[in-house]
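Presented sequentially are two complexes of chain A, the first with chain B as partner and the second with chain C.
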Partner chain A sequence: MNMQQAIKMTAAETALVDAYTAQIGDLPGDGAVLSLRDTLVHELKTAGLPTRRVESWHYTDLRTLLRAVPSADPSAFADRVDPIVPGSSVLSVRNGQADLKSLPEGVTARSYTESLLDGSAVAGLAVLGSDDAIGRINGGLVGGGLEIALAEGAEFEAPLEIQIAQSHGQAHTRFPVSFGAGSKATVIERHLSTNGDASFVSSVTDLTLAEGADVIWIILQQQGPADTHLGQIRFDLGKDAKLHLVVINAGGKLVRQELHGKASGEGADLTLRGINLLGGDSHTDVTFTLSHDVPHTTSTEIIRNVVFDRAKGVFQGKILVAKDAQKTDAKMSCNTLLLSDEGDFSAKPELEIFADDVQCGHGATVIDIDHTQLFYLLSRGIPENKARAMLVNAFVAEIVEELEADEALVEALEGVISAWLAKHA
Partner chain B sequence: MPAVQETIDQVRQIDVDQYKYGFETKIEMDKAPKGLSEDIIRLISAKKNEPEWMLEWRLEAYQRWLTMDEPSWARVRYPKIDFNEIHYYAAPKGTTGPKSLDEVDPELLKVYEKLGIPLKEQEILAGVEKTRIAVDAVFDSVSVVTTFKEELKKAGVIFMSISEAMREHPDLVRKYLGTVVPQSDNFYATLNAAVFTDGSFVYVPKGVRCPMELSTYFRINEKNTGQFERTLIIADEGAYVSYLEGCTAPQRDENQLHAAVVELIALDDAEIKYSTVQNWYPGDKHGKGGIYNFVTKRGDCRGKNSKISWTQVETGSAITWKYPSCILRGDGSRGEFYSIAVSNGHQQVDSGTKMIHLGKNTSSRIISKGIAAGVSDNTYRGQVSAHRKAENARNFTQCDSLLIGDKCGAHTVPYIEAKNSTAQFEHEATTSKISEDQLFYCLQRGIPEEQAIALIVSGFVKEVIQELPMEFAVEAQKLIGISLEGSVG
Partner chain C sequence: MLEIKNLHARIAEDGTEIIRGLDLTVKAGEVAAIMGPNGSGKSTLSYILSGREDYEVTEGDILYNGESILELDASERAAKGIFLAFQYPVEIPGVATMQFLKVAMNEQRKYRGEDELTTPEFMRRVKEAAAELKIAPEMLRRPVNVGFSGGEKKRAEILQMALLEPKLCILDETDSGLDIDALKVVADGVNALRSPDRAVVVITHYQRLLDYIIPDTVHVLYKGQVIKSGDKALAHELEANGYADIIEAAA
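Now for the complex of A and B:
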């Protein structure tokens, strides 16, 4: 076995393995879960973190970029903050312990720790593939989270906010969420840090939408400027299920947000909207794969990126249309405003198509602010910095305005964008 | 939709065996023993009467190659190639290099006649619209004849086989060889550097506009051989040249390897237009046989305001692995890539381009049209990047795929990398089948269905065909017809 350990472990790899070793005996799980944890950590030890030679990590060489991992501190949880949309129900996870106090009717939830302890979590802990570094780290170290189920036909007016707040140290959480047939809900998954200390967060969310479920799921990542955030959303869309996924990255130093999904029921529809606000020395990667497995499914993806300072941004998107998935309609676009000569952005929008009766397309652009638009505003007496800010704001805010049905939500998200731009632009 | 159903049925029945150029010529050959070793490389070098530095260059490449692994990232599958089961040198007996037309073996001339390649200068003069094309004919490992050499010489243009150039213009070859595709660039390019046997060399001096189209015609004939040619084209300041490349091979059950390297160098204000109609044997309808086409093509826009344009029509080969690229080094330089890749039967195509923007005010344009039919796989893979100092880099990319039948696959894998805020990149890709609206429009105007499909396909590829020199455009259009015969008129 020792022969396999050919790689010399980096400081970050050592820290992750050490975090595991230090917590053996404390990490929850039955026999099967504990043995899977062992396997995952062993794989991490032998394979190391992925490098650019691993195709899905081509633009995010995690082995080089992740220099250090803060050690786990059991007391490193932060207090609950007010929900971003006033009136939301808030479920929070602090140090693996779920706070289920304000659970609305129609939702059942229990601490993920229990699922680990009784072993029901083991199937979901499996990695998605040999390049699934996030699944591996999270599966090895996950301490808690929430298992949420929405009853058939359950509908909510106010959003449900899942708050994962961290002050420093490490947090590894999981959220298996199932939406019953015909249920309707808006959920905000909000990652934030309460101070500038470095924290390392991995989080895996697993969404299952039954027939006709209609869900808006918003990931709002507002971690601190020294934080590492490794997030993963898995989703499976049943017949006629509708998922509107919004990913907003407005923080973090090293961020990888993966979205992997399947349209496995006819009539399923995915809308993905991404906003990446990139500044400072951050590196942010959004990687998306969607597999259209059955006929008559649709998807549209729009990603908008704004790059300031020395920030680096990555978008990788892959639409896969399986052999019999006729009548698939998939459109993906990725637009970037590259506003700094020291920043960079790389995009890799892929199509992999095995069915002929389909309409698939993607577009990608990387540009500076449109000079004619800028001129228009200047000619109307608006100062240049203000005019620029307006144009940048309009470029991204457009994406959240689609959620017009919920005014309070749009307002809250626009607030996040404006606040970020006011600080960086 | 019945029309589409019919198309699909027709595609199912389609025989890839309609390959017209699959005949084999019985000709006495001079072959090196099978396998690859330093001795074989010395033998090739000796056969070519090469200078000592060239042999050293080859041996160096060979040593590097021994340490390299075959690339596996492309979307193609094939059994492992045994590089020791290949003859690395095969030449028609008594041919050590091109000579005058009268001395060439009449059997060989017949081959080119059959292929429709004009080798007799007077015939070409009597050709359509009096256009003249100078041809370098490469048969297995050697160049057998180069036409119009004298006339080109008058204009100052050097056009000859690369082995000849190494003897006659060693300084030029030495100055430029391997400067665009280095010896150890990639697995196949390194193999090529070690064992390349022939190819064409073009040098267009300062301010000269090459008076005619230049072309090289590659033919693989011998069994168990690989063809490794190397082409080097240099356009000096203000020069212009248009170069065409064509290729065919006999129909065989075994796969054969073709690993070529093409290097283009454009100095200040120069322009090179490189067109390829690739029609290697694609294998039969069961996917047996066919050429493995692993080619490294790269152009270097070294000078200010230089321009390199690649146009390719890919219809043949069992496997195509090829990414003609442009390095836009000179300020104001421009790269273009126009491609039609048609795959049918069991063919696998993984092709595309790279546009590397290094200089200021550089621009590039990529138009790629993939048509997949049968059980083939057709992948576009391309990279566009702007480096920190590439101010005002501009790219437009459009890659469209058309699927005919439900057993084929079409894939798009672009890499877009911008490191400069003044860069402006636009990329768009679509995948669809033939539009029912367009088809309906044609049908209601009384155009028969098959003809309508042919019309739509030719409309789909028009942007690329237009970029080909006229003589080639006709051939290319015909080839696409043959490749898709049964599915389109």
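Now for the complex of A and C:
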């Protein structure tokens, strides 16, 4: 008997390992992929899910919070829904299975299952570090997804929606996406649940932006109230590449969205915007790391949180500026509108700077509704509940309005926000 | 239309009494001017009339059309026809002006049991009223009051008043920050609303505005009380001599 087995596995840990065991023989992969899966699941079994003692999981003790994991159901079926922005091209992955029917010109895509089967996926399956629980769970269990490439110079007017829909059970998906030099596109990675049954979803996206690529990537998380969502975005920004990354959390019971990236080409720029709409008994964590590796790169990060009920939220943001990365300009802020005494938001912004000629700053605030603004709206005959909703909406809508170049997109995202607020405020 | 009887009110937070036994009656059709030194409680009175919760009424009553409004919240008072043009209009980033106007108009209509306005009808009314007040359409595309100059903010207040068609209009130093031409435009806007079933309370420091909006009555507020009332001649007297004599006589 080895030592680690002395640690009693939780119900969730057991369920994850069982899910793997039950699918052995069905999970796709060549020899290398299959043996990596084995290693990852073995690590999960021996190390367990991360607890608060693991620094990067301090505010989200996954081992305690993840009480149960529904078992995988291969017969689960999710309907396709209309894209959030009318006129978008839709690539859908339903209950883990990719559908490649409507590919716009300039985009090539194939099912990630094939990359697993031919072994080309193996390098990307490695975890980011010993604390990469999402990478580990996903790498062990991933069944499908999409490998997408945008041709050099390709430009798209309408957004591309990657629709990841789940009815119940489990889905583990991957999306390696490469943007060719000078390409320009808006992509919406949309996670949604088609009914109220519990789902457990993990998803890893790996973005590579070549020189001068200009990308808006929106993660719209609209899981159901019983769902667990473990998401991870990895990104690498080449020379003069621009990424406007927007994370909108508007659903789920237990959510962790990680964003890990590096600015590895001079002139690279990241705009990170986060909107966390938190209600009920949910727990939502956005964890971000960015390393500025070369000189003359820039980033701004603004996170806006709205907390109702007993919801708990976390933002961890860490910006690393490498020794040679002079002239880095980075600004990070996290603002929370706390609308309930029982709600809670923890913000941990961090800067680790090894270069001396840089401009970096961060700040975190917690605020309440502005009483003067509220009175102004009331004094015009707007009832209090509606006036409050308008102000809460305004607090987050400012971020969406930055996408003003695409009116339909702004309208669609504002619709998501106001629909959520109508239900929770 | 408005009867304020022995009103005492204090700041809810720290209990400081600001309004100390104030009596004032304004009849339908009347334009009443309220004047008084800085800090005498004019803005506080206007806030209390419109239902701001930062103040607590400890004694006395406010009757509007014969009924006490003390139990009504600010939005109900507005829907019943009380409008305050703020001394310092509030900026609300993230709330579009047009959306704000539409929600306000329709919520008031709903409260009164009237049908909501259709979008074309709403647009027509806004366009017309904005043109009268010489408000540029670009201003209406910005968030509420955000980036407006002092004078633009005051004009935007009058635009809201014109659209909401209140019965009791309270103007708190609407003239401050306005250039001569804008003052005329705003005064015309107010005069256009004068009618036998509407009352206007004009808070001001200057005779200038009262040359355009001629008051029926003038009241001097000092330390939370009306210490003297008269007709428009009183305003001229104040302009010429200041408050000292009146304050002394009242002491």
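Note that the second predicted complex is superposed on the first by the 420 of 425 C-alpha atoms of A that agree within 3 Å, B and C clash if a C-alpha of one lies under 4 Å from a C-alpha of the other, contacts with A are read in each partner's own complex, and residues count from 1 in each chain.
Keep in mind that, in the parts below, a residue touches a chain if its C-beta (ideal position, glycine included) is under 8 Å from a C-beta of that chain, and two chains touch if they have at least 3 such contacts.
Source: prediction; values computed, not measured.
Residue contacts after overlaying the shared chain place A:Ser35 against neither chain B nor chain C. By the touch criterion defined above, A:Cys360 reaches chain B but does not reach chain C.
Taking chain A as the reference chain, the count of touched residues is higher for B when chain B and chain C are set side by side. Looking at the shared chain after the overlay, A:Thr108 reaches neither chain B nor chain C.
After overlaying the two complexes on the shared chain, residue contacts for A:Pro383 are found with chain C alone; chain B is out of touch. By the document's definition of touching, of the two partners only chain B reaches A:Leu351; chain C does not. Contact with chain C, but none with chain B, is seen for A:Glu398 once the two complexes are overlaid on the shared chain.
Taken in their complex, chain B has these residues touching chain A: 4, 8, 73, 388, 401, 403-433.
Residues of chain A that touch chain C in their complex: 371-373, 375-384, 386-387, 390-391, 393-398, 401. Looking at the complex, you find that chain C touches chain A at residues 47, 50-54, 73-75, 77-79, 83-84, 86, 89-90, 92-95, 100, 103-104, 107-108, 111, 143-144, 160, 164.
Residues of chain A touching chain B in their complex: 55, 58, 323-324, 326, 336, 338-341, 343-368.
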